[in-house]
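The structure's right below; bear with me while I get my questions together.
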Amino acid sequence: MTGKEGVAGKEGVASEAGKVGLAGRARAVRGFVGRIWLAVLLLALWEAAARAAGDLYFPPPTEIASTARELWWSGPASRLFLSDKALDDFGPSLTHLLAGWAIAAAVGIAAGVAIGLSRVLFELLDPVLQLGRAIPPPTLIPFFLVVFGLGTEMQVATIVFGAVWPVLLNTVEGVRGVEPLYLDTARAFGFGRATRILRVVLPAAAPRTAAGLRVALGFALILMVIAELMGAGGGIGAHLNDAERGFLPTELWAGIALLGLIGYLLNGVFLLVERRLIGHHRERQD
Amino acid sequence: MLEIKGLGHRYADGHRALTGIDLGVERGELVCLVGPSGCGKSTLLRCVAGLLRPTEGTVTLDGNTVDRVPDGLAVVFQDYTRSLFPWLTVRDNVALVLRRRGLGRRERRAAAEEALAAVGLADAVRKYPWQLSGGMQQRAAIARALAYRPSLLLMDEPFGSVDAQTREDLEDLLLTVRGGEGGMTILLVTHDIDESVYVGDRVVVLTGAPGTVHTELRVDLPAPRDQIATREHPAFVALRAEVGRAVRRP
Amino acid sequence: MVADRARRVLLGGAGVLLVLGVMEAASRTGVVDAASVPPATEILSGAVEMAADGEFGGHLGATVAAWLSGVLLAVVLAVPAGLLLGSVPVLDRAALIVVELLRPIPSVALIPLAILVFVEPGRVERSLVCYACLWPILLNTLYGLREVEPVAKETLRSFGFGPLGVLLRVSLPSAAPLVLTGVRIALAVGLVVAVSAELRAGGESGLGIYLLATQSGGGRPDLMLAGALWAGVLGLLANGLLVAAERRIFRWRAVR
Amino acid sequence: GGEGGGDGEGAKGGKGLEKRTLTVGTMPVADTAPFELARSKGLFAKEGLTVRTQTLSGGAESISRLKAGALDVSFGNYVSFMLADTNKAIDVRIVADAFQSAPGTHALLVKQDSPIKSLADLKGKRIGVNTKRNISALLVKAAAKEAGVALDDDKAFAEVDMPNMGTALKSGSVDAVQAVEPFVTQITASGTGRVLRDLGAEPTKDFPIAGYGTTAEFAEKHPKTVAAFQRALAAAQAMAEDRSLVEQTLPSYTKITAPVAKEISLGTYPTEVSEERLRRVADLMTEFGYVKGEVDVPGLLIRGG
Amino acid sequence: MLEIKGLGHRYADGHRALTGIDLGVERGELVCLVGPSGCGKSTLLRCVAGLLRPTEGTVTLDGNTVDRVPDGLAVVFQDYTRSLFPWLTVRDNVALVLRRRGLGRRERRAAAEEALAAVGLADAVRKYPWQLSGGMQQRAAIARALAYRPSLLLMDEPFGSVDAQTREDLEDLLLTVRGGEGGMTILLVTHDIDESVYVGDRVVVLTGAPGTVHTELRVDLPAPRDQIATREHPAFVALRAEVGRAVRRP
């Protein structure tokens, strides 16, 4: 979006610049179309199918969108049109989500590196971790209730509990898969343990860790909802609950679509940052 | 300075790569290792570097047994492409190892650029390793090792991927650098017999399966070596022929 | 090899015992409320009590069936999809939005819709498991493909292998470890989703259904946690099997 | 379609039934004791019905399952049924009444040493309920309103699963909980909490809690099957007046042990659906804004035979 | 057979590696490419192999423009360590590419073992590439290419990591193989000037930045070449000096 505006802004400064601007715009448009045609096609099919079926439980996307607008984007312009309900639903949810993900990332990477580097630690902890990550969070509610009580801590804990695994596991994989010669090189030049980890192991494992972080971001969103579904409190999870129990399928769909959208945006930001940080790794294929 | 005694190595899969190697290297000496492909030269270097724990014998450096990587060591690996970090530019690859030298960020960069210029990579400092040709990558690895100013330098076929001219330049660069203060001890693996005689103070010929020392030859050639004069020196020709025979005779 | 395995089992067992010990101590000393978080020994005895119950086996079996078939379905769908997207950039670009919109949707939020579409409880559960498992496998496949050594691909191309040959003989084997990591994540997620779906939506049989029933006579946190333990054990077993398979398939990696 | 011309009532051996196998959604709670009784005593079989069950974990998905056709008939609380009907999720028909509250079956509890002495003290406190905007919240709100306290669903209530009520109360996550039997007995007997208010008393004395519902479509297509189900269940509901029979049945399908079964308060099991009683639920729902507009109570009933 | 016209390549980062290359190679010819490190030799080979799409000019093979990898091609990459598949044994690395030759499983294995024996790796067939020394890996890559019996063979410094003796053996092996039925066309990049004259029918000298053709020299030496006789031949000495001068003069 901003790219398009930027190109348009440059236009007309000079004829040469204008040509470049036009070419750039054409490329931007082509790129944009290349990215969204499938989504648009699927939406159109869905719209047509839903209209043909006319089932209350499977409303067409346009109806879902208008419900969503009513629910969350009917507020004043000064608040980016966010309604009161939107602030209630998104604010705490997203805070929990990001806090949980950040903690999961830190814990997952630290533990992943430690476990990936040490065979003893790996063998000591592997069964515990495998056991731990297969435990369904709902069965731990009594435990969470006692330790964290209902509320923010419990929700964040649930998110951390679920989102840490992909980071941890991928980091362990990444660390164990580091090209041995990188490590030899680092050792040969007398890098200390810390430097070796920070300057060689982490960057070498970065692509895999990033894959884990990305999966974890999706998980964090999912667990945010689960935490809200099973614990008290508002948020998008509670909205879904209300919509389901109140038999308001369109609102349910709106909530689901909203989750998709939030996940999409988070992922977009993540990819931008990732490209910034570790993109040059693989520009190699031409 | 470096003392190798009864060294042998058997890999985890049971393959016996080296056996009964005895070798001493004095401070400031440049010893060339030659020998057939697969005879254990790289394995020997790894043992000396403390990267591989030998299954027999010992390596001692200044009287201390090498059981981990010793201080002041630099290595140019045979598989140089994999020893450059793809996430760093060429300059940062060099600058990174200089952290251990206690230099500031700027000084590190300057030193890195200087070393890269010395191997003819002044224009490539900001590129990533995978944007370089094979020979350029190899030179980057050499620059990294030289910039580090190690007291012990291990080089595993460091000039294998560059053209004849560059090779000679690099040989001379190596000779210049080792002449500097501190006195660098160098172990250099090469397949080029002329090169081994030209740069070496001593040439050690290994034979394979499992690797053992076959011959040691002292190179007594006039001190400031010169690509043309030295190579025309009768002693050079004689030595070169001798090494050649040693390598060829199994 | 044998010594290796013994060492793994011993160390792993020590790790588990350590954690159990900490839990036991925490409850016994009153750091946490023992009635709500019973000591490890009680949870263990709860787990044994469950195993002794004749009905339990059937319920556990139902969960395992839904779980494994769901994960399998996800593998069958996601790996080829990943290979396709990873090798056809045009599709990859277009699919990104769709994938990224669908991926964050929690399976539990889809329960009411899944019930309507798939009707039969076992199929509902399987579809939810599959949905949740698709994404980690797909993403890991895509990331794995990105990491493939370009020279290796070029090598096979230069010997006249077509895109499919390169895909199957270079890209797939070198991405395989990461794909399997995805499957391992999916296995854990799938189990979580299966049991959670049962707990939330009920059904005919399953570990979750069984756990619901155990709570009907009053809150029994020990049994709930015993159920959690059983789920954990299932996860551990599945992971163990996969790792063993991995070790065989990727011997070349293990030794290095 | 019907096989042969079944003649009126008493379709012995299932002759004339449109469908002989019924899939019924149920829950392991005291409310469904007569249903289990009917199964164990062969009352359904006598009517020619084979009954299969699916366990439900809550009210909402029973509606989805009915709509999807995974269930033919489902146990469920009246608030859920009425909400589903009013919001046009499905056209609900109540097949039979299941359970009606009695003193002690539903209660509001606080911690043993809680400073909360009366409903009036609940202002600004958090109350754990099984489900917001549902039957449990309704009972609490009705009682609180009488005491002059208006509770807001979003602010006053926190959702806690019934089995975790004791833990939630003890850990101080909530200030009060709404519980049903056997949890009420468990919480009081363990010394965790005390009853602040019996919700089985006025204004929700003898309150209709739950029933068996189906879709209008199913009811219309299978009138004889529905009637057979109703007959069998009515017989069982009647038998359940004998408390000892219920006490014997409970341990067979729940984890309520025989001694606990003797202790707990039991509600009553009405034998037929009454429009008048259902209206009490509908009126409260309207009063507390749970539905927009009116609940069509007569429309929920199955008319004629 | 192979016709390169006005070929140039600019990498995605803007670096111009090659420009205006014109070169024709006849069927059965063995052309050696020499030139300074980084002058674009590997880039040129990649363009010929259809692995890289040149940004200027064209490559035609038997009259067809090369826009994808042509049939009957084999390549020995400069970065041979990365071109061997670590999940396959050495034998399977070779056997894999023979699938395209329509051989059965057993035949493939037999052919692979034969080729590996020819490069002196008979004992290593069941090992994985990372269990081999650098020179052995390089020989495995060579065996793979030779076993394939390509009609066009591209070799990028194929003998850089082996000892002198092995190198000579491999040179002779290459000369033997190309003499077989079918007539193999070979483009070989090397830094060893002697080698280029010894094995080549023609030596093409490139100069760098961006790479262009500097000189072409026809090698007219008696047909069955011999490591001792040929290298002592006066024409050999003259040619070698000429190539050396061309490489050195920028």
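Just so it is clear, A, B, C, D and E label the chains in written order, and each chain counts residues from 1 on its own.
Note that a contact is a pair of C-beta atoms (placed from the backbone, for glycine too) under 8 Å apart; a residue touches a chain by one contact, two chains touch by 3 or more.
Just so you know, these numbers come straight off a predicted model, no measurement behind them.
Looking at subunit C and subunit D, the chains in contact with each of them are A. Across the assembly, the chain pair joined by the most C-beta contact pairs is A-C.
Compared with subunit E, the chain whose C-alpha mean position is the greatest distance off is D. Distance between subunit B and subunit C, defined via averaged C-alpha coordinates, is recorded as 49 Å. The geometric centre of subunit D is 83 Å away from that of subunit E, both derived from CA atoms.
Residue positions of subunit B with contacts to 2 or more other chains are 13, 79, 82.
For subunit A, residues that reach two or more other chains under the stated contact definition are 57, 141-142, 145-146, 244, 249, 284.
For subunit D, the set of residues touching two or more other chains reads 58, 60, 67, 161, 164, 167, 171. Taken in their complex, subunit C has these residues touching subunit D: 33, 35-36, 111-112, 115-117, 119-121, 199-204, 209, 212-221, 224. Looking at the complex, you find that subunit D touches subunit C at residues 25, 28-29, 53-58, 60-61, 64-65, 67-70, 161-167, 170-171, 182-183, 185-186, 190, 254-257, 260. Residues 179, 181-182, 184-185, 187-191, 195, 199-200, 203-204, 206, 278, 280-281, 284 of subunit A are the ones touching subunit B in the complex. Partner subunit A is touched in their complex by these residues of subunit C: 7-8, 11-16, 18-19, 32-33, 36-37, 90-91, 93-98, 100-110, 112-113, 116, 132, 135-136, 139-140, 143, 146-147, 150, 177-178, 181, 184-185, 187-189, 191-192, 195-196, 199-200, 208, 211, 219, 221, 224-225, 227-229, 231-236, 238-240, 253, 256. Put simply, subunit B touches subunit E in their complex at residues 11, 13, 15, 34-38, 40-43, 78-79, 81-82, 127, 131-136, 139, 156-157, 160-167, 191-193, 244, 247-248.
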